[in-house]
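Heads up, the next two complexes both have chain A, just with different partners, chain B and then chain C.
What follows is the complex of A and B.
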């Protein structure tokens, strides 16, 4: 009988195989789609780390994402730093920003945590919307891509860029999957499930929450620098709370706290947005209906549904084997 | 500019007018928050529907007055349907699921509005009550905007009497304070909740309908007003009528004067205020539960 763990490994394998398969058969438009899916997959995994595993539902992750993109723009376009250094510096800057935010926001819980992250995110949105030096509401253009010609990789080729994005997504997935298996990751899950017990066991839960949020911020910042390199044009809209909401939607559709679910969710939302919008002007309606059905069904998204199917199959098999015995 | 008394008078009236719109929205949201423990991000969408339905009523009948009564009733009916279909079963689902379902509702309601009314800005022009300007302390000010202020203040007065001086009000307050004990004392908390939810929906519809002649209506107007409304609710304290009016005045004034004096930082000040309240007094300025 297949275990839940095995099923997830299978889903992960199929997801990445599908991405690579799509990449090998598609053209320019498909490459752009893949890059967009990858960006949101990374962002969604970073939010899953805090929302799904640590139990901190942030509605300000879009702001960290946008902050990373703007830091990349600041360092490369405005200060003329090389893209590789600029990218590293932008991720460090976003991590520090997330760390400072985390030290403030972990004091409040539940709905108040959602509100405070929303408020801080909107402050960031307002700032970049008004800050003329970085383009204000016009956005910032001319962002460079990483120059990897030294190792024979030409990132200005859309096909190569899309494949590189799949590789980065896989790396982030593997790092997070490893991290969540370490004692550190187990403590995070424990804090989500029962903070009082973890505190009683002597774990400094505030320090764990802050560090998880900062780590998640680093990955959100990475996603920001990647979207900046993908579209080479950034606007304050990246920081808006509706971006954070959409990422939360991706996680829920795919499966909260499953790490692979967010990747599937990112793919579904991105594909729906592009495919449905060519059939109907009202793709938001269908996305909304889909989202409501998933949440009301309370089965933890697509990964949850598949796991439920696995259980059904397992239960149907069990009496048969009993008869044979 | 700053030494000109007229500037201050106009800005004070503007901030009162914005505050009263925020009050009509936040008072409904705050009781839904406080009484039902339900996070309703779609409350702004009800405001949008109020404006849209108000537009249809006003253009069909030629009477803007009629829209002030018809729109709240229509939005209340929509609210009743939403409550029975979705909200009732999401009551115990935790804040994240509630955020997600109502976030989905924002998309659904916005696209329904786009389908019915299109994406153009809608406005009513003819037959607006209190058309023209009136002189206030030597300044000419649109009298319709004074009407909005009056509607907000009257609503506050009515709600105050309803909540503080009637049996229904004491049942509502008992429900907010301790729902379990209240139902043990024979109060039908479920029915009270439903009634309060409908009242909140009607007030959101009213806010949309009376905002329409002063501004214009678009399908995304509900998203824009949502965040300031949430800020008012959290700053004032969940479930608190006093908190809703004080929070509305605070946020309305901050936004109006912020935009007039330091346009680049008006929004940031509002969010900073929210963060400060959450850190220093997380239960809000006027908490209902001690």
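What follows is the complex of A and C.
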């Protein structure tokens, strides 16, 4: 019988195989699509770490994402720092920003947590919308890509860039999957399940929540620097709450707390946005219908459905094997 | 040694804890009895920090812990089980106990080694499962198990952190006679470095394990004495035991 764990590994393998398969057969438009999926997959995994595993549903992750992109723009375009250093600095800056935000927001819970992350995110949006030095509402152009010609990788080639983005997505997935297997990762799951008991056992749950949020911010910042390098043009729209909402839709659709689900969710939402929107103006409507089905079925998204199917199959088989024995 | 001095707690106009003082020396088995609503659980909540007292002091080994957070107190050696099961119902028994074992091994911040590779945590988990008698259901999800077994996990979680003072809130309620016999036996077998404070309604079990008994009524200490003193006290017989003992 296949275990839940094995099924997840299979889903992960199929997901990445599909991405690479698509990459090997597609053209320019497909490369752009893959890069976009990868950016949102990374952002969605970052949100899954806090929302799906730690139980902190943030509506401010779009702002952290946009903050990372703008920091990359600031360091490279405005301050003339090399892209690699600028990228590292932008990620560090976003981590610090997320840490400061976390110290405030972990004091409240439930709907208040959602509202305060939303409010802080909107403050960020307003700031970059008004801040002329970084382009204000016109956005910022001319962002560079990492120069990897030293190791024979030309990131200005869309095909190469798309493949590199798949690789980064895989790396982020592997790092997080590993982290969640460590005691620290298990503690985060415990805090999600029963914070009161975790505190009674002796875990300083606020410190764990802050650290998870900061780590999540680092990954959201990474996604921001990647979208900046992909489109080479950024606007305050990245920080808008609709970005946060869309990423939340991705992880709910794919499967909250499954890590691979958010990647699938990112792929579906991105594909729907591009494909369905050319057939119908109502793509958002269909996405909504899809989302309602997922939420009402209470099966934790696509990954949850697949796991439910696995259980059905396992139950069907069980009586047969019992007879054989 | 846990010492409680003139502790008070009010919920609005309702005074639930009224000038409660208590001495819990190392190794003692201390029972707290009293009718429903006497403030027994509230007292535990004050001791563990889940509630803040309106007045009074709580001292653990010469350290004033009155204003410390619940997790700090737990790390200092104060552990509790809950009257109503308070488990990680979505996880397996092993995963539940491992949570406490992570505290015990001080590995909560370890983010570089997989949990499965840490043998000390697995050992501690299995040791506790053995002690409370749930070794055969380690891989089962908690929500599939009977109430009595969940109760054993509840006690296991409190025990697994190796506390100095173990607070048990009606650990045997809802258990089968065998299960509760096992828990009571377990309490008598616990190492004597450990103090146990137990809230219990079954008077036979209380007289079996307790070295000392505090009787609470309307948030007040009605009597604090040895089992013999409690047994022979007229006040206790009237107000709580209703003369129904022996």
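Here is the rule we go by: the second predicted complex is superposed on the first by the 325 of 325 C-alpha atoms of A that agree within 3 Å, B and C clash if a C-alpha of one lies under 4 Å from a C-alpha of the other, contacts with A are read in each partner's own complex, and residues count from 1 in each chain.
We adopt the following convention: contacts are C-beta pairs under 8 Å (C-beta built on N, C-alpha and C of every residue); 3 or more make two chains touch, one makes a residue touch a chain.
These numbers were taken from a predicted model, which means no experiment stands behind them.
Peer 1: Of the two partner chains, chain B (first) and chain C (second), which one does A:130 touch, if any: first, second, both, or neither?
Peer 2: In the superposition, A:130 touches chain B alone.
Peer 1: Examine A:196 and indicate which partner it touches, taking first as chain B and second as chain C; both and neither are also allowed.
Peer 2: second
Peer 1: Give one of first, second, both or neither to describe whether A:41 is in contact with chain B, with chain C, with both, or with none.
Peer 2: Neither partner.
Peer 1: Now for A:223: first (chain B), second (chain C), both, or neither, which partner does it touch?
Peer 2: neither
Peer 1: Quick one: chain B or chain C, who's touching more of chain A?
Peer 2: Residues of chain A touched, chain B against chain C: more for B.
Peer 1: Of the two partner chains, chain B (first) and chain C (second), which one does A:115 touch, if any: first, second, both, or neither?
Peer 2: In the superposed model, A:115 contacts chain B only, not chain C.
Peer 1: For A:205, select first, second, both or neither according to whether it touches chain B, chain C, the two together, or no partner.
Peer 2: A:205 contacts chain C only, not chain B.
Peer 1: Which holds for A:282: it touches chain B only (first), chain C only (second), both, or neither?
Peer 2: A:282: touches chain B, not chain C.
Peer 1: If I apply the document's touch criterion, which positions on chain A are contacted by chain B in one structure and by chain C in the other?
Peer 2: On chain A, the chain B and chain C contacts do not overlap at all.
Peer 1: Which residues of chain B touch chain A once you look at their complex with the stated criterion?
Peer 2: 33, 39, 86, 89-90, 93, 95-97, 99-101, 103-108, 110-112, 114-115, 223, 227, 230-231, 234, 263-265, 267-268, 271-272, 274-275, 278-279, 282
Peer 1: Name, in rising order, each residue of chain A that touches chain B in their complex.
Peer 2: It is residues 51, 57, 59, 104, 107-108, 110-112, 114-116, 118-120, 122-123, 126-127, 130, 241-242, 245, 248-249, 252, 281-282, 284-285, 287-292, 295-296, 298 of chain A that touch chain B.
Peer 1: Would you mind writing out the residues of chain C in touch with chain A in their complex?
Peer 2: Contacts found on chain C: 48, 50, 69-72, 74-75, 79-80, 82, 86-91, 95, 98-100, 102-103, 107-116, 118, 121, 157, 161.
Peer 1: With touch defined as at the start, can you tell me which chain A residues reach chain C in the complex?
Peer 2: 178-179, 181-187, 189-190, 193-194, 196-205, 208
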